[in-house]
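Several structures are given next for inspection.
Presented sequentially are two complexes of chain A, the first with chain B as partner and the second with chain C.
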Partner chain A sequence: MATQDVSPTLKLLEKSEKISQGAEAKIYRAQLHPTPFTSESNSDGENVLLKYRFHKQYRHPTLDASLTKSRVAGEARAIIKCLRSGVNVPGIRMVDAAEGVLGIEWIEGKSVRFLLGGGAEDEGDIVEDADAAKDEDEVTEVKEEDLLKEYGVSADVVMEMIGTELAKMHQADIVHGDLTTSNMMLRHPASPKGLQLVLIDFGLAYISTLIEDKAVDIYVLERAFSSTHPASEGLFAGVLKAYEKKMGKDWAAILRRLEDVRLRGRKRSMVG
Partner chain B sequence: MPGRVKKRSPLKAPDRPFIALGLEGSANKIGAGIIKHDPDGSTHVLSNVRHTYITPPGEGFQPRHTALHHREWALTVINDALKKAAVSMHHIDCICFTKGPGMGAPLVSVALVARTLSLLYDKPLVGVNHCVGHIEMGRQVTGAHNPVVLYVSGGNTQVIAYSQQCYRIFGETLDIAVGNCLDRFARVINLSNDPSPGYNIEQEAKKGKRLLPLPYATKGMDISLSGILTSIEAYTTDKRFRPNGPTAEDGDDVITPQDLCFSLQETVFAMLVEITERAMAHIGSKEVLVVGGVGCNERLQEMMGVMASERGGHVFAMDERFCIDNGIMIAQAGLLSFRMGFETPLAKSTCTQRFRTDQVHVTWRA
Partner chain C sequence: MHTFHYPHLPTELSTVHVALFNNVTNSSEIRSRIVRASQLHGPDGEAEREAVNFAFIDARLICSVLHLQTAVYQAILAQAQDSLRTKTVHSEILWALNPTNNISEAIRRYGVADSTTSLIVVRISSPHLSNVQELMSRVVTGTLSPLEDLSNITDWTTVKKYHKLNTEPALKAVAKDSAQEHIVVNEIVTSTVATKSVSA
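Let's turn to the complex of A and B:
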């Protein structure tokens, strides 16, 4: 492909619609087909999601370049391994590790975090209220049932789906590394593939057969549940139950390690 | 945004001025501070006195010696604080002390002083969580509304956000604290502990140029630092390492202590900024507050500022008076809970080395 001054990947980004900025990447909605370089007439191509790890100004350039490259490549590798093992993840559409761009399948649906009433990540803009009085704190209250109704499932069923999906992933020796309810999506029942729980954001994922790593992975999710959905801590038990069922004989060892991991945080009160 | 409601703060405006004395001694600093809350809602720092136990280069501070230092200095520091504030013990409404977390022996020494003063002058005691003290003082000084807090010091490394009367810990170090990591490396390369090892690392890092590869260990919202310390220590036995700078016959491929300080700061701070950014994205906040001793590192503040502006937010940071452990923050957090009716009875005025930030019920916030 003929390379001009600007790489084709960045050109594609320019033409795409930025939809949000996550912790380490900007997210764009773009269309790859029929071809992004012909003008206008591509409105009915397939939607893809572009995850652009832009250069972080605060980080030393050398450190930043090596981190970006290894994370894009690592994410693509983990997703492909998941796909091969039948874990529900978005399909890969393009990879440009040097520029820090990963293109994945567009998923029609909402994050589990949003559906459980933990708010949506990208609504930060609205929250800012410069005149908010000093001693007032804002608290969000959302009725969770209403959000899930559209998907025709109860929160308990969603927990079961999470547990099963996690078990499938761990059986394939993939460790997600950043499990939170924001990193799980429910595919809308009206979409071609039907209702599905899809794991997303494999930016910190790695391959490991160690029980330790899997237990830590579960622990990270447990902590995310209690910090994002403090009112519904009982839900997590549902995740573990489904996970246990799917993992079968491997479960006992992971549970034992998980109990160890829970004790590990600093300055916890303990006896003896 | 469906159903977003604003809640009134449960903290009523005081009907008279309240004055609190705060005593802090969880690590190698002993501090006394006096704070006043006026009926019009304003807060005044009347005095903030501190004395630091400084050990020779290459040595850390040991609990027993630190406790001895605190016992020797406690009365001087408290008298000094009272004199600067121009108040007498009789004007004070409550005596706040650090209940934990921290080193056992120094904590106990300072708590003993607090208990004695309480009995002598018949003043109520208020036990304060050290971390909450940092957060409350940071909010007070900077005016940050509801920030994500990065608390980085010699004993703690946590990313904290407030939710439902609790400072929840979103991410933290899995092994050693970042200040501990820097201090221990300062000992390895024999930097002075005066005024603090972290400050001297910062100055050395300004002269460093070469970024050496180190592990980069972020795990979700948590980080791990002990492996980085091991790796950076290993560079000091590398045959390219020149403890006294390059000599005339050396080529470009040498490693100086300045390069190591530079690499250590760049790597470790990048990790801290990254997990803070993660927490910000996760809860949708645009404010960051940096507290704790490492928080007065200007390179960290700069990196945090760049990250915050990339996200359209801003960073709140403070100078060493309020960043490094001090008595005034204990007074501030203690007085807030005292005004909500909280007191620590004498029989319960114990200390604990393990006292997590999220164990405190934050009654004074909605």
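Let's turn to the complex of A and C:
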């Protein structure tokens, strides 16, 4: 009875502001629900971030639909598991698996990459919002202490927060799969949930109990740190220290494996 | 009563009317009317089904307006895509709210029971339906209250039980701070409702 030509979710995307685009998905900022209380000061309603896994012309339509659907579902499930395990992640606001759209909580804040002076990313990232690109172009040279001042924390404290969140995630047997400083945000202290380090983009996340997978996860972040943030060895040591503290007895095995991975790279076998 | 309009949704599903009733005294009557309406045939049946054409939701199990909006929105999406799991868009809201896939359990837990005293009534319609509040008041005997009152009604213990949250690390971390706990529970529950259509 209610089927219309244009899907409601695609109509919503048309009215939304596109923020960035990668190979896999486009990112929009949208308002999903009309505001309930007109008397409230923020009468704009809550922003949501829409991650739209658009159709891939190079894939057979049937395969495309089933891949898209399972990836949206997989990302949503990983986020729910994180929420239940107390890992700071954005909440989910809507799912339209048929269209490949996942709506998640909008996080008021900036990426750790940006706050550490790594600049805003020019492609494929949800953390770089339009305002950041406009307003912050000139200030990328500014020292990270000044960027972080607004958040009332030092870089060392941020590293501790990262290590703690990663440990909580790994203790829940969730492997992120794409840990970079762009995929971590600091939630602004003035937002309702207060200052938090939030892990984002669970598009490559999966469940695993293997030491190997967790060690590789850490290794990928280590490499991301050294390539985006020059002379950051000291900072990353702070991440590992907090991770070690939170992981407790599980740490020794992961460290041993991490040392192996550092020697051989993230692929276990070089065959093929 | 609050009315939300979603311009991007199909016209006949674009308008959501939500009302919170406190001190409801005729819950058992509402419940038996819904049951009877589903069994009547002919024009009488049509008329009675139209009279109770609402979602009746136990307000104690709703954590926030966002929680409710999320369930309503996912139900409308399912209707718009012809993928309803239940018979109507209104019963789909109850299904979306319940963490399991069992429809009768969803209706038993989240729908109106004989003991219900706080009720959220939802009607999804086209923008042209005008006298919704009157239609609601004809069915429900109770005090129409602002949605803001919801925060005093939520039964967090039962919400946590139904969503099996008591043993989760997320709750243990905020065990001593009930305000913080409510934020965490609301986030998990709202996200679970949003994900319902793709959860195993």
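The working rule: the second predicted complex is superposed on the first by the 220 of 272 C-alpha atoms of A that agree within 3 Å, B and C clash if a C-alpha of one lies under 4 Å from a C-alpha of the other, contacts with A are read in each partner's own complex, and residues count from 1 in each chain.
Throughout what follows, a residue touches a chain if its C-beta (ideal position, glycine included) is under 8 Å from a C-beta of that chain, and two chains touch if they have at least 3 such contacts.
Keep in mind it's a predicted model, so treat the numbers as computed, not measured.
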Which of chain B and chain C A:G91 touches, first, second, both or neither: second
Contacts of A:S227 with chain B and chain C, given as first, second, both or neither: first
Touched partner set for A:A23, first chain B, second chain C, both or neither: first
Which of chain B and chain C A:D178 touches, first, second, both or neither: first
Partner chain(s) touched by A:P189 [first = chain B, second = chain C, both, neither]: neither
Complex interface listing, chain B residues touching chain A: 1-9, 11, 101, 143, 145-146, 156, 161-164, 168-170, 172-174, 211, 216, 218-222, 266-267, 270, 273-274, 277-278, 280-282, 284-286, 302-304, 306-307, 310-311, 352-356, 359, 365-366
Of all residues in chain A, those that touch chain B in their complex: 21-24, 56-60, 62-63, 67, 119-124, 126-128, 132, 134-143, 177-180, 182, 204, 216, 220, 223, 227-228, 230, 264-270
Chain A - residues contacting chain C, complex: 1-4, 7-9, 11-12, 14-15, 32-34, 36-37, 46, 69, 72-73, 76-77, 79-80, 83-86, 91-98, 103, 105, 168, 171-172, 192-193
Chain A-facing residues of chain C, complex: 2, 4-10, 12-13, 65-66, 69-70, 73-74, 76-77, 79-83, 147-148, 165, 168-173, 183-184, 187-188, 190-192, 194-199
